[in-house]
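Across the two complexes that follow, chain A remains constant while its partner is chain B and subsequently chain C.
Moving on, here comes the complex of A and B:
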């Protein structure tokens, strides 16, 4: 037990050192990096990925993966517009409905995975196409604009000087860290990822836990979509394309094992901040947006590479 | 009856036909779906089965079928590659840029294929020797290739390639060369997968890696080999993709990797590895092309295409899981 704890801590310490080093280097590159305005703005920009990364940590700890989050994000965003503008629902109701649709889409994933025993990678690859296809089919590539001013408070406003969505993310972060680290549900999550058969024979409700986790993944993707629409003040069906890559990179960078059974929410938080710092720092030192994708891909492979090389003696 | 062994059943002629159907069941289902689609939509709108439409359908989609051959091998070996779309985009751009800059045409065709093999051999090494799961390596490669391509080229259009470079537009006996490529490569790959020791090894590794290792198959070089061959098919696909139109946009064709994976999986390649054929994946690629084209002829918005794709992959996977449970 202490051995496991030590290993987790070790990865987070490495990550913490890496993060500090990156921050120092990036601060040296541009005087704009280390300003409150820039940092708070970065917090705003990473809130959507950060929110989805929380349930994704649970998903990957169980040994699964959810590739459909980007598509659920797009579907919820489109439906928010459709519910409000085309069906004439009041905007608050439309927001709740859009988030719930995300939850239902996530439960759909969980149902396919637990009931039909389809590997999560393939199940969510299929729903990635299906949910995005529904978003495209429903919207017919039309965008929805003209939301009322109060709606933008969620994505563009501030509470006590801090972007509103950052508060939401922090609250969700604390809840997720508490559930994974300190509750029986969290222990169940680790048990499923370490050895699913053993977890089943120990009487744990494996299927129910997975269903809840995939459902939460969809629900949070829906929430992130509503926040995103509020931030960019329009909806389009291609929103969130490739989002799953950012989310999975943050989680894996944070030390969660892609094989399951290992990982923490705090690690995910560190991975997320490191990723956003890299993106922002590179952008400030003149690298274009597409160049930063290259770096993130390379960092993803390098992080696992180093992790594998280090843990080889341990295993 | 339960004591009857499979070996015995293979000796009885009646049973042999049945087992033939069992091992190619998925291919027959797709073939039937294709026939129904062609007859049904052709009846509704005869222009669907006109030579013109069929030709443009094959020329526009043969590269997907060819990429799906390599993808099928990767999936049969128990791995996956989500970066193939980006790889095809990068190799197509390299090929087009070389052609515009006056390199010999043969080099414009061969160099991208070789680069594809080298890149994917690297992926194979990371998967087989460093033991990083293929989904992670190829997710990383996806963003490296895609981001690299766009930041180098800015997504510019390439045009002015010499006519002798446009291999996908060559015709032989009235048929576009893409069709020959698709048919010949599928046939060769199918035979090779069925009869060569290496092909059998891929099935064995995907079916049960531990058993394969104990039988003396060297798993790690085989995985690198599978990815390298997959890189070759991606390279050929990229050449056909780059030469089908007079211009190439130097970006990654959107969702190409998903279309390729879908073709493999719907074609009967089991997602759990170990089973499937490349004939199925080629048929499935044709089926997709036909569905995409038929939406136009049925006056259905093309925006629904992806939802149809998603439903099909889901239905196939569920059927596959149900069949496995019965066995």
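Moving on, here comes the complex of A and C:
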């Protein structure tokens, strides 16, 4: 059993070590880094990417990819404003509706991928443009402001001293880790990523699983969008542009194989924290934005190389 | 007459399996020498040795009297041995002329490619093959399979080949194209080239070959001038042996009909198939590659749902539109390609064995690891899987043990109908016997077994009844006592039914092999 755990968690251990090292170095660079205020604030900032990274882990474990999450994020954000302000829906209803639209957009991806056998990269590249175009068309470059105060509790408030969206992320994290790690659905996900044909030949419901996963990806992107609107108090159609790259980076940094079949939610969590810590810590130490991106790129390559070396030993 | 090629006492082993045992034969200049044998008889290995792809462990290959040992196919080509493989090895984006001269293109004094000489040479070669209609400047990707084959032969001739090896050259061709190819082969022979011709199609061999050599299970059976043998003789040379002896078939009394198929069709690969399989019965399906056997299995199993016809379980019509439906109806399918269809190779024995019954060993969607582990341990014991334990990854197991894992996965679903497609392909002799014993035992426990096999001895040895498929149809049916190698072999190749060359369409097998 320890052998199994070792094999499963080897990448996570490396990542954990890397993370601790990064935290120590960054704490030494700036006295502001290792403070409760800063850390909680960073938790608030990474919640949106973190939420979307959870279903993205499932997507990538199946050997797929979802490039459209940033656009779905923008679409849901815009529709929240439109539903509430232009259509006059009560805000809670508008929030649910905006999230549901995200889910429908995600199901659309899944439908194109499973029904027409379009490679996920192509399908979601197309819907990346499509959903963003819809968002821009609907918004007509107008932004929506003036949300009631209670709405900001979601993105700016705290519960027991911890940012509210961090609670949401933690709950989703536990659910995702449980599903991928312990349930039949998780097994199906890994089987699809390792050998889709054999999964199908074993009577697993491959298409249904993919449909659900891409649907969840859209749904969570919608949820993240609502949280984001609440955090920044406004709605614009270009929200979430390039978000997919941050999300995919966190997942891959967390040890999920882009070829499918391997990866864990815990890894994604560590990848996410490492990425956010580097961004914040380097900024506090006075490194400019471009420098931060270079460091994150280098860390990503290093983590993957180490992972590959070790997994070759494992066989 | 002096011999062009002499092979004497050649043996070859892969690991512990001896695939060629002291083979000797020879090829004369201007002769078409057919090489005949079942799948796995060792033809391909023998060809590869002559072509320099692999080396023999023992024995000698002599070319024009001189002993040779080629380090690479390139070296063999330099000695005048050219091979036209079954799967054509051309580059689709290059032109005909470029493909023909790839690797040995004529050069100018300055070291640049001499395009004019190349094109003129290609033109001359194709004309000599009676193909003046082929443009040397078109890219190969735009050509039909038949034309590509001509390019491949021209490529062989561009090396001034003295010996041309052709591995099932007509397998992918339609009638008219096959006939034209045979004309080309005759032209080569008339120019004094020696040809080793591998084919399953007996009529073709009778039309072309001067002599025929038969291999069986890696041993040499005999060489005969074509005029001295009949098709029946060749079939019994290919398969004739004490078959019953090798297969542990237990006599059973078949029970009720479990699976019944009525007028089942899928597009044009499965045509109007009707069959029944009873409890405790093993029904074997014989046929050549491309006969539609795997396609039939895939249709019954719901991978390619039927386009017309009916499937009945216990006499009740059922709809099977996915493997999941089939599994619910207690139909299991052990696919022909273990690696790509049967197993999740990077995962463990435990994870593979439980794959088809995940929902049954789960409580509220959570996989019960303990139950899964004991399931895996039981499977290892029951099927005699040689592994370090449930946590070993299946890709590390041998072929035979991998096959047992696939079988264990499906037996765990407690099926009533078991379809096995090439159950022992690529498995060593010992594991083969174990799989056969398992199959027999399962039938004894009341399973209805439908077995597809390209090995005639396996079909004849294991089956209570034998169905023969050809062109997507069932063309013959035999009871165990009437299923002689001659009769089944004849039905497979249609030797008796008007010796016409029929086309074997590139079916699922061809596609899967890519």
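Note that in this section the second predicted complex is superposed on the first by the 300 of 315 C-alpha atoms of A that agree within 3 Å, B and C clash if a C-alpha of one lies under 4 Å from a C-alpha of the other, contacts with A are read in each partner's own complex, and residues count from 1 in each chain.
Rule of thumb we're sticking to: a residue touches a chain if its C-beta (ideal position, glycine included) is under 8 Å from a C-beta of that chain, and two chains touch if they have at least 3 such contacts.
Bear in mind the structure is a predicted one, so any value in this text is a computation, not a measurement.
Enquirer: Figure out whether A:65 sits in contact with chain B (first) or chain C (second), or with both, or with neither.
Expert: Only chain B is touched by A:65; chain C is not.
Enquirer: Touch test for A:277: chain B only (first), chain C only (second), both, or neither?
Expert: In the superposed model, A:277 contacts neither chain B nor chain C.
Enquirer: Who does A:121 touch here: chain B (first), chain C (second), both, or neither?
Expert: first
Enquirer: A:141 in the overlay: touching chain B, chain C, both, or neither? Say first, second, both or neither.
Expert: first
Enquirer: Taking the superposition as given, does A:113 touch the first partner, chain B, the second, chain C, both, or neither?
Expert: In the superposition, A:113 touches no partner, neither chain B nor chain C.
Enquirer: In the overlay, answer first, second, both or neither for which of chain B and chain C A:204 touches.
Expert: Only chain C; A:204 stays clear of chain B.
Enquirer: Which of the two, chain B or chain C, is in touch with more residues of chain A?
Expert: After superposition, B is the partner touching more of chain A.
Enquirer: So, A:183: does it touch chain B (first), chain C (second), both, or neither?
Expert: A:183 contacts chain C only, not chain B.
Enquirer: Contact residues on chain C for chain A in the complex?
Expert: 303, 322-324, 326-327, 333, 335, 340-347, 351, 354-356, 358-359, 362, 365-367, 391, 393, 395-396, 409, 413
Enquirer: Write out the stretch or stretches of chain B touching chain A in their complex.
Expert: Contacts found on chain B: 80, 126, 130-133, 135-137, 139-144, 146-148, 150-151, 255, 258, 261-262, 265, 271-272, 301, 303-311, 313-314, 317-318, 321-322, 325.
Enquirer: Hey, which residues of chain A end up touching chain B in the complex?
Expert: Per the stated touch rule, the residues are 65, 112, 116-119, 121-123, 125-134, 136-137, 139-141, 237, 245, 248-249, 252, 258-259, 287-288, 290-298, 300-301, 304-305, 308-309.
Enquirer: List the residues on chain A that touch chain C in their complex, please.
Expert: Its residues touching chain C are 3-4, 182-188, 190-191, 194-195, 197-205, 261-262, 315.
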